[in-house]
Amino acid sequence: MSEPTHPQTFPPPSLGKVVEALCSASENLSSSPQPPHVRREFPSRAVIYELVEDLRSVHFPGFFGPSELTGETLRFHVGATLDKVLHGLREQIKRGLCVPCSEAEWLLCDKCDAKAFDIARAFVGRLPEVRRILATDVQAAYEGDPALTNPDEAIFCYPGLMAITSQRIAHELVKLGVPLIPRIITEHAHSLTGIDIHPGARIGEKFFIDHGTGVVIGETCIIGNNVRIYQGVTLGAKSFPLDEHGKPIKGIDRHPIVEDDVTIYSNATILGRVTIGKGSMIGGNVWLTRSLPPGSTVTQGQEKG
Amino acid sequence: MSEPTHPQTFPPPSLGKVVEALCSASENLSSSPQPPHVRREFPSRAVIYELVEDLRSVHFPGFFGPSELTGETLRFHVGATLDKVLHGLREQIKRGLCVPCSEAEWLLCDKCDAKAFDIARAFVGRLPEVRRILATDVQAAYEGDPALTNPDEAIFCYPGLMAITSQRIAHELVKLGVPLIPRIITEHAHSLTGIDIHPGARIGEKFFIDHGTGVVIGETCIIGNNVRIYQGVTLGAKSFPLDEHGKPIKGIDRHPIVEDDVTIYSNATILGRVTIGKGSMIGGNVWLTRSLPPGSTVTQGQEKG
Amino acid sequence: MSEPTHPQTFPPPSLGKVVEALCSASENLSSSPQPPHVRREFPSRAVIYELVEDLRSVHFPGFFGPSELTGETLRFHVGATLDKVLHGLREQIKRGLCVPCSEAEWLLCDKCDAKAFDIARAFVGRLPEVRRILATDVQAAYEGDPALTNPDEAIFCYPGLMAITSQRIAHELVKLGVPLIPRIITEHAHSLTGIDIHPGARIGEKFFIDHGTGVVIGETCIIGNNVRIYQGVTLGAKSFPLDEHGKPIKGIDRHPIVEDDVTIYSNATILGRVTIGKGSMIGGNVWLTRSLPPGSTVTQGQEKG
Amino acid sequence: MSEPTHPQTFPPPSLGKVVEALCSASENLSSSPQPPHVRREFPSRAVIYELVEDLRSVHFPGFFGPSELTGETLRFHVGATLDKVLHGLREQIKRGLCVPCSEAEWLLCDKCDAKAFDIARAFVGRLPEVRRILATDVQAAYEGDPALTNPDEAIFCYPGLMAITSQRIAHELVKLGVPLIPRIITEHAHSLTGIDIHPGARIGEKFFIDHGTGVVIGETCIIGNNVRIYQGVTLGAKSFPLDEHGKPIKGIDRHPIVEDDVTIYSNATILGRVTIGKGSMIGGNVWLTRSLPPGSTVTQGQEKG
Amino acid sequence: MSEPTHPQTFPPPSLGKVVEALCSASENLSSSPQPPHVRREFPSRAVIYELVEDLRSVHFPGFFGPSELTGETLRFHVGATLDKVLHGLREQIKRGLCVPCSEAEWLLCDKCDAKAFDIARAFVGRLPEVRRILATDVQAAYEGDPALTNPDEAIFCYPGLMAITSQRIAHELVKLGVPLIPRIITEHAHSLTGIDIHPGARIGEKFFIDHGTGVVIGETCIIGNNVRIYQGVTLGAKSFPLDEHGKPIKGIDRHPIVEDDVTIYSNATILGRVTIGKGSMIGGNVWLTRSLPPGSTVTQGQEKG
Amino acid sequence: MSEPTHPQTFPPPSLGKVVEALCSASENLSSSPQPPHVRREFPSRAVIYELVEDLRSVHFPGFFGPSELTGETLRFHVGATLDKVLHGLREQIKRGLCVPCSEAEWLLCDKCDAKAFDIARAFVGRLPEVRRILATDVQAAYEGDPALTNPDEAIFCYPGLMAITSQRIAHELVKLGVPLIPRIITEHAHSLTGIDIHPGARIGEKFFIDHGTGVVIGETCIIGNNVRIYQGVTLGAKSFPLDEHGKPIKGIDRHPIVEDDVTIYSNATILGRVTIGKGSMIGGNVWLTRSLPPGSTVTQGQEKG
């Protein structure tokens, strides 16, 4: 584990040799090897990030995207943006679907393209429902934070609202069977907010995260309505069943169920497929690996049922 | 709470219907409804972010903004940047003031514009004092971190310094009565650093935050001089008094007072309007909801007065 | 500590006076004062960030950088990017070396430029080895996270992989004696991921950080192979020996040694130059300031050797 | 008139002195001197250029601006662009109106702003008529050029169509009394196409310019329907009546009237307030300073009435 | 033909009505009407302009595109750029082919895509020959202009070389049957240089245009080797045979043939399918509509055979 | 001279072979061959264009560059821009000087860098004089064009003023011995305006070009004060003396001398080292190859002395 300092290996290898070494290493990188002449198009993270910003602006026009709108021109801007989203998503979803696609010349893979278009259209069709739920999240933020003087401030500034918006969008894509892209979306929100919600998590209405840095919500979590969570809270897995090769088995329900009207204070950790009953309150820094009946209150050092 | 998988609702609604649904939902979104033909201009987060970067560059020229300067040309660059800030802020402050403004045609709202200009000029007049205090923060970072080999590195890289710079700027705007924009500024710093300091907090000289991810400092905190805080520290509220409708009452002093020369180690949580006396040391992971006299030392499992 | 509200000091000082005050304050800012006519060129953070993205794209072509590649054209893209990196780094390294350089007209400082070129070439020569180790990190992520359905997703989305990639790049620059720039690189990763790994830390193969927000790994840490770390883990210093002026002595070994095959769960804190023996498991929220023999298991409230 | 070579005046004056000299020279530059603290906002050429591109895209959607549209989404894109144009023009027109405005604090000049908004709205109301006439210009190009295989090519590529589009837009602004901006628009088209049509010229339907480089059409020209003009044609002024100070008198009718169905071949020059009668044909390189009756044919060296 | 001034039609029509009028007008704009739900993708001029710049940089690396290259890294840059060109062209060619394509859902039009890919590959295969000829053009410029001190200057600055480069590229696309795009390319060069060469013109080696503004070279011109042309020269059509509807018949040979070693001085005009014999010299401002035998000299007012 | 249509050479050569062919062709392209590992840095046209725009903005602040300025902040903006110009030019001039430089490792070529810095400083020192002359050009435009309603319009829109500004800047660089860059500057103006003035031409005060497309002014022209020129005017060379190899001899005086107070109307052509005497008037389309005494008037078909 020792390491010499300044071991400058002069003369360094030529650029050509470094290039060769790096390229050889990359050729077997992906899970889906490709023939040498096939041009592979991965989803583009930059494009996806922009599409998510566009989606934010159709949900909260004026707050995100162009900042000047009238009632008269709102429809033009929302419509133009949504058209862009529809076709941008189609392309990215197709790329995501094609990554493991075995077609010889996948650029021409019609099957993936047609499927991608169907998914993109279905996704757009669900946005009004996403919008309806987000309005409840805004309301929850305004009610939950005494520092907030009006709801505009929550939409403009709240990392919790930004994270849940991205997650609700990503979750719709998960439900439509889109690979890769949902996780790219939630990890981007994670980067911006420090809040890490897996796109697979199912989250009810009026969800509120305050401050939020360090929050982790796992893939198989189920969260009811009117739940409040503070910074540093983990809703994680306790342990992973291993398969016969000693590797974690993928896809098992392993994260908490949090029922309606629960509040979880900062840095609490809840692990495993436990159920936190309706109306419970979990205090800060609590470490919890068992289920609680409805109406429970748990604080550091004590638990009340 | 159950949720079907892949419920692809074909055929999806037309784009036109989705646009209509989203726009209807947005029309009553804001706290200040507008007549349909009035063009509303919200503050622009992108512009505000750029103004903050400009302000960073006039405080630390060379480290931020254009990286090549001589003593001779410093004034030109600082002056040109400050001129841009003055007029950019004027516009954004006006937009912030006008959000709840009841003027029929607010684009022509002279009252808000004149007030915004006064505020922007007053703000610029306070920058030398902000600069003076930031120099003490740089000094604190250099003295407090053994990994730092010179003060330049703190200015270049320290998330703590970035966060406190943004907060000190935002706090001046709070003092001048500017709505919305201060919180946009500190939440941007929160996004970049994981450090969440409310713009309302009053913070003394020589303030040092190390690492910083997860730090939360609430709106009514008062922090003295020469205070050091490590990652994950929360200076939060314990509970919120509710009004007759069961909603939290806004604007009450509810966060800690931290006196001079206090050090608070990582992941400690201090809640409520308590006072941590001058020269105290709070250990890592401590959970504290009561006041401490000067010179106290508290570590996990024990407290010394 | 009291502070009046709205103390608008009208008329505000003129822009010219504010500029003068800010510039005077900046003239003695840096650790290396310069004659008034010397043009100082600091490293540019924007350029360094871009170089790091370029380096990411040569390690994981297609996943980062241009998203469309064939086996045939991979070499062209990797080569062109590496050429850009080589010369971009040369310039930034030179700027970093020259910050404390005493040459009168340092823009012409040949010594620094020649040294910078040597370092940049040596750095590029080490990239294949960096690439080899990163492949083990990808493998560790795939094996360690049940939510991952294929390794592509780890490369695309995992903040832990992003942070360790930046750190491994920065660490090579540390070994080559480059000042300032390594810390700029790791703090950028810190901003993006909430994971704060000092560029000086020595980290073995197959390193895996899950979720990651709030992780802190100190400058003198030594970490073995096949180590797993969860969100909020701190590998920090316990206290700093002070010199005769009461300032921390810089450069002393003060962070943990973590041997091979150790797992450390979320929010655990390990402080000081202690050794965590091979194969140990540290539970969530554990606070640890002493060494552990190989094979230890420690959870909150108990320790087993 | 002689000039020494390489007269390097060492040492050069300091940057500060050069700045002073340039600024002093600029203080009396404009026709409308301003008090030292008044912030003057000129129209921005970059913004105007972008607005013209936006206008091109609402007239020929798909050919200019976003290149992917359906019948369903056309309205969204055209509407969003037009909204942007309306408010962008309002701001630029206000700046243009205010240049000679004597208000002390013109940034707050309500009179100019209200007038600018009226003009911008009136301008937008005229666009359908502009669009109708441009369709006749496209038809003329398709009929007039044997190299054209379909009308799309004319819209995509024809400098003549680009120039006449800009002029027709600028001419509407002239009719609405907007200063400065119309000329900025036509000079931009001049730069792109080599075709210099004054915004004041009145031009009928089905106007066709082929190749176009070097075409000059003066301010007071009146051109009928179905006129064709080739490269290098000048429709200029012959001489300018001078006032008592020997300066040209501004605003007098001094350029040709060209009636319907006239063709003017390359490099012909027609000067003065002459009338070219309906259906005439002017040959290449002809130099003409007198009126022609309808049906005339003029070629180099001969004229036929 | 009279036109009222300032006829401000208040109140202006609503934005919605203007949008409706413009959109209705556009629905029948294109030569190839589309069903309302089909998304049409026109070639993008911005993308094509960028591809041409990329092509310029692979022909003259260092002079265009990235300005820093070594012999070692040249291949990387040229290869990466060419890969980008190949796939960018494929997409644009497909769009061009599909404009008149009658497929119901042309986004999925495989036939056009496959054809576009074949064409793009064939085009790239011809670039070395284009490069060979361009080297003769550079040589001609250096030999022909006494103001040139080295060939670098011609490559860097000469509008004539820029125009002929674009035309030679566009001409290869014409030969491969690509619609629309060749003309977009040459009209872009026309805009930049004032030199208008139709992409259909066939031009021999060592072609030199000096100054160039106003040069027009028609679609069916054939130009031999070692020809020199000065500013304002037109090689045009004399008249167009009309069809039974009085419209010009498209596609007939109607422009001059210029044999090897001919020089044509500024502003000369040569019209019709005439042949200028090998080694002839045409003086400035000459107007010529008949063939000349080899070795002719023609100046204004006289002709020598 | 015949050319087959659609000769699609399938299968096309591989991308690798095309790259090889293009790179081989480029290796001997430049006049100054370089060893394979030397990294050559050509001047960057994009950077030079931007520097010229910056120079335009320091000469006409508000009209070019940032459009909002007060008397108070003018100095900041001019100073910051000039500082940027000084160092940007230094780098570009160095690259220009080094193109033919024989140093083995020219990136480190101190001699060129020091010379470049001296030249850049001397150039900046001359700007006030350039500014003084440009003010006379603005005055000439305002007096000369009846369509101009105020001098602002000339500065904002006049291609003639844009071209002469670029030429006066470029001419100063010619006088200081800078290679390549002056021609890049004037050819850029040529592209934007259609006006081609060689940077070597010496031009007096109060110079006015109207419309301008097609104007050509040769390298060794000498033009007095108060001269007016219209579109399409050529001041060119008549013939080039050939050397013993039949190549034009470079650097001989071969263009016209135009004395004070001369007016030259559109499309006139004056060739050779002739002198047009003070106060002469040259009519449109005149072709002239001999000297004229002062006070001459020449029109097509006649000359008056």
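Read from first to last, the chains carry the letters A, B, C, D, E and F; within each, the first residue is number 1.
The rule we apply is simple: contacts are C-beta pairs under 8 Å (C-beta built on N, C-alpha and C of every residue); 3 or more make two chains touch, one makes a residue touch a chain.
All of these numbers come straight from a predicted model, not from anything done at the bench.
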item	value
Common touching chains of chain C and chain A	B, E
Far-end chain from chain E, centres as C-alpha averages	B
Longest centre-to-centre distance from chain D, chain (CA-based)	C
Contact-pair overlap exceeding half with E-F, pair selected from B-D, B-F or A-C	A-C
Equivalent interface positions on chain A and chain D, same or different at half	same
Where chain A and chain B are represented by their mean Cα positions, the distance between them in whole Å	25
Chain centre separation (chain B, chain E; CA means) in Å	56
For chain C paired with chain F, centre-to-centre distance based on mean C-alpha positions, whole Å	49
Approximate Å spacing (C-alpha centroids) for the pair chain C, chain E	51
Multi-partner residues of chain A (at least 2 other chains)	15-16, 19, 39, 68-70, 72-73, 75-76, 78-79, 82-83, 87, 194, 213-214, 232, 267, 285
Chains that touch, pairwise	A-B, A-C, A-D, A-E, B-C, B-D, B-F, C-E, C-F, D-E, D-F, E-F
Parts of chain F lying in touch with chain D, wherever the complex brings them together	58-64, 67-75, 78-79, 82-83, 86, 118-119, 121-122, 124-128, 131-132, 135, 143-153, 155-159, 175-177, 192-194, 202, 204, 211, 213-214, 222, 224, 231-232, 257, 266-267, 284-285, 300
Sites on chain F touched by chain E in the complex	1, 3, 5-10, 12-13, 15-16, 18-23, 25-27, 29-32, 34-45, 95, 99-100, 179-180, 183-184, 187, 190-191, 194, 196, 198, 200, 213-216, 218-219, 232, 234, 236-237, 240, 247-252, 254, 267, 269, 271, 285, 287
Complex contact set, residues of chain E against chain C	66, 68-70, 73, 75-80, 82-84, 87
Contact footprint of chain A on chain E as seen in their complex	14-16, 19, 39, 72-73, 76, 87, 107-108, 110, 113-114
